[in-house]
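Below, each structure is written out as structure tokens.
Below are two complexes that have chain A in common, paired first with chain B and then with chain C.
Moving on to the complex of A and B:
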């Protein structure tokens, strides 16, 4: 019972994956989509930790993913590292980069921090384009091997969603820990957080580094699955898309970014032209900011809260139960 | 090329950044937020002007850019009406507008690069070949900044703008239509962004992927010498143009491409931007 209460999001994610699995496995094209969706879900989750919990409006997750992806490509294809060992570097490199930048920019206002992440993403992207010897420059990097025994789209889809569930589990545990509570406090009131003895810059930078590491996992998975990388593979557009997915789904909620990812993916398939994707994403963001700033998850929670309080009033009008405050 | 030639070329190129930086500075002073869509207004203006052509095209381009900023201003007003006073949410919404506008251009005009030649001949100044378009860009930037200077420092409207920037509640109590001024600032941003887009159209050209880096360049130029004063944006823009030209002359292509972003990171890393400065102060 306690496990259910403490890991509700993880169990919901596992249940959703198990329900979807038979349908997805029946069509090869859906398996391919499931892997890419898993990559996006990881990226959106990384935005959730950074923006939803630490308040850093990050626009560099695509760049962190590309650092992870190129690390995977170099380690496995060029240096012949054993399978999975490159994952360590793919997580570590973006995390170190993010922590260093985080220590400098998190003392600034939230807007300045957002701009700094965008600038950092652009610098990384330009470096990748020009570092011909290391990344293949504009031509890119081909022939990235599969991850050991994992070879088919089905195996990649299983790996991708196992990773998503693992991240959700870790994320949930983090938010229940002292570090998670510290993040919640500093997001609401930094002065209060300092008064409570929280090292604000270090906590925010650590959260940013963690989110970069998760983006690195997404890049690692992408590189091995697609086996080809170019500077456009994981560019600023990916950062923007991941940010919009997280915000629309509900960046402050553990499962919000995944909801946003699935929703965007579903609706993208209904669009008449691929070029309209940005128009749709932009409008979706504006509408959600106007209608429900806490995202779809927040909207759902408000509706459930309202329904509960309505039911409560009908059941016990004299008791006058207060409406549950939606976060 | 000589050092002086790099400086001259940098100044001419920097005038575009000036036009992108001034709206950033104005908006930050009055609303304390960023309009990420300024680069998208430039793109929309260039795309519409290139497709319509002629003087009518220029007017249509500017109209489209201002219409884009009017949409952003409307969203800003609606957010305020719905009780949102979070500046980062305004910026996020402008991000959505920027994405939507760039996508609309991509859908309508494809991935083509918008570029037009205005002058076929070049001028020579002390042995340095310069483009008349570059000079026109600089003159346009100077005229725009001068008009803004006169309006902000010498007119009734300017006094109200400065008051609204320093103290919103005090201004409202004094009967100043703060919200109207904020909306007007968004529209001026659209107009200046549109002008910048037209100048880029006739200089280096741009395509649907340009908006975000244009916005970022504008912001970098705006904060170099302090974002709270729009006139510093003039020198910020020109300084960035010069830095870019010098980087192009003396370093690799990689460093040149990174200049606006490195500028931004260095300034943010070394300043106390956004700490507790009073908006609109003149210190």
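Moving on to the complex of A and C:
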């Protein structure tokens, strides 16, 4: 009962995954797509936390994912770590990086912070290209082992979407805590946040670190699933795509990024030619910025609100001041 | 040789007081404050009055880390907190309300008050994400405490109302609740009673007295002198960035300078306040 009230989004995500599962499982091609979709959903969720909650317009999620992916490749393929132990490093490394950078750049204006994340992404990818001994340079890695017993696309799809659900659960926990409320406040009014005792730079950096850790999970999963990795695998394009997915779905809503991911994936599949993709992305962004700045989720909420007040106007007195006298 | 007034040692009784002394603030050549001091002792309510633009809010800003004074010191229990960032001032135990309340879009009354508890939440950021038992218990405790604060201010029924739907007076009251929620040892209230109905003002006064009785020191900016008189033992009167005089409300009310500078101007509303009381 209270779980339903507190974890509505988690339950909706579980229900959606269960409904989609039989259809997806019936076709091997769809199973493969489901894994990649899961990777994108994790990346889009990471944008949701960073941009939607902490107000950091991040352009470095692809780079964080590649840090996670290279951690996975190194630990499992080169150093022979047992399965899943590399996940810890794949999350920790991007998180530490993001927290450190966050402490410095979150003091800047939002635009400067966004540019700083873009620069951070570039630095990471340049490093990966040039650290031949560690990352294999331009060639990268091949033969990254599977995650222990998880081997078939079906098993990967299950793992991917379990991770998505786990992230939604944690995200929802965060937003129902003092730290989540702090993010809400500081995004709207930093002076108000400071009067509550919130260290703005610290809270924003913590959210950025969490978002980087989630991107790290996405990279970890990707590396093990695809089993090859090069500097081009998870580049700035991925960062921009994830950002678009989150914004189109509604970055401020827990499930917005996932909705954006599924929608984008479906629409790009329907596109006749891959060359149109860039055009489509640009178009999607313009439409969202013009019509619904809070994304599809926000648009939906507005429509429901309008419908409700339209219906309720006759039944109840106008919702001006709440009925204080009556209470 | 005797130094300026603010160099005199703090009396022993006020060893754990919040003291501002010799505060000077200039905004582009205009002196908003020119050597102002105020002392707030735990459990006492100090009034801060003065005409519009006399520097009351600026003094608040200096005492809470929002404005760094050009000169002067703010100390808390003897420790220098001048120029400390606002969030660390709050953590040191000084909370404030804003004269123009700052409301978060879409938040309901209880959520707004819950935000005030940020400092007393022990769970770490990652602990909140994991959502283990301790985090859930803490969240439940905060909700209960928030409800208790709202109960005290007569706002319990408005828990689930969006803050922006309230009257300005009630929004201020929610701000007071948020301030109390912080658990601060000192609370600075900037015109909390403006726009409240008589009944709401009485609830607010009662609550301010209760909070003070729990040992919290309160600095109160208020234009309604009847309210100030009923609540405060000491009143500081500001005029154009200086302390005009300081003392018990009765003494201050009889001071000819105060009458000329301030009370004369608000005499009417004062009489109304007294007539209603």
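Going forward, the second predicted complex is superposed on the first by the 313 of 327 C-alpha atoms of A that agree within 3 Å, B and C clash if a C-alpha of one lies under 4 Å from a C-alpha of the other, contacts with A are read in each partner's own complex, and residues count from 1 in each chain.
Here is the rule we go by: a contact is a pair of C-beta atoms (placed from the backbone, for glycine too) under 8 Å apart; a residue touches a chain by one contact, two chains touch by 3 or more.
Everything numeric here is computed off the predicted structure, so don't read it as measured data.
Three-chain overlay on chain A, with chain B and chain C fitting side by side and no clash.
Of the two partner chains, chain B is the only one that A:236 touches; chain C does not reach it. When the two complexes are overlaid on their common chain A, residue A:270 makes contact with neither chain B nor chain C. In the superposed model, A:184 lies in contact with chain C only, and not with chain B.
In the superposition on chain A, A:192 makes contact with chain C only, while chain B stays out of contact range. In the superposition on chain A, A:5 makes contact with neither chain B nor chain C. When the two complexes are overlaid on their common chain A, residue A:206 makes contact with chain C while staying clear of chain B. When the two complexes are laid over each other on chain A, the CA centres of chain B and chain C sit 90 degrees apart as seen from the CA centre of chain A, to the nearest 10.
Of the two partner chains placed around the shared chain by superposition, chain C is the only one that A:174 touches, whereas chain B remains out of contact.
In the superposition on chain A, A:293 makes contact with chain B only, while chain C stays out of contact range.
After superposing the two complexes on chain A, the shortest C-alpha to C-alpha distance between chain B and chain C comes to 15 Å. In the superposition on chain A, the residues of chain A contacted by chain B and by chain C do not overlap at all. On the chain C side of its complex with chain A, the touching residues are 64-66, 85-88, 90-91, 95-96, 98, 102, 104-105, 107, 111, 114-119, 121, 123, 125-126, 128-131, 135, 139, 142, 157-158, 161, 165-167, 178, 182. Chain A meets chain B in the complex at residues 57, 104-105, 108-112, 114-116, 118-120, 122-123, 126-127, 129-131, 236, 240, 243-244, 247, 273, 275-286, 289-290, 293. The touching residues of chain B, when paired with chain A in their complex, are 33-34, 75, 78-79, 82, 84, 87-89, 91-93, 95-104, 106-107, 110, 212-213, 216, 219-220, 252-254, 257-258, 260-262, 264-265, 268-269, 272-275. In the complex of the two chains, the chain A residues touching chain C come out as 169-171, 173-174, 176-182, 184-185, 188-189, 191-200, 203, 206-207, 210, 319-322, 324, 327.
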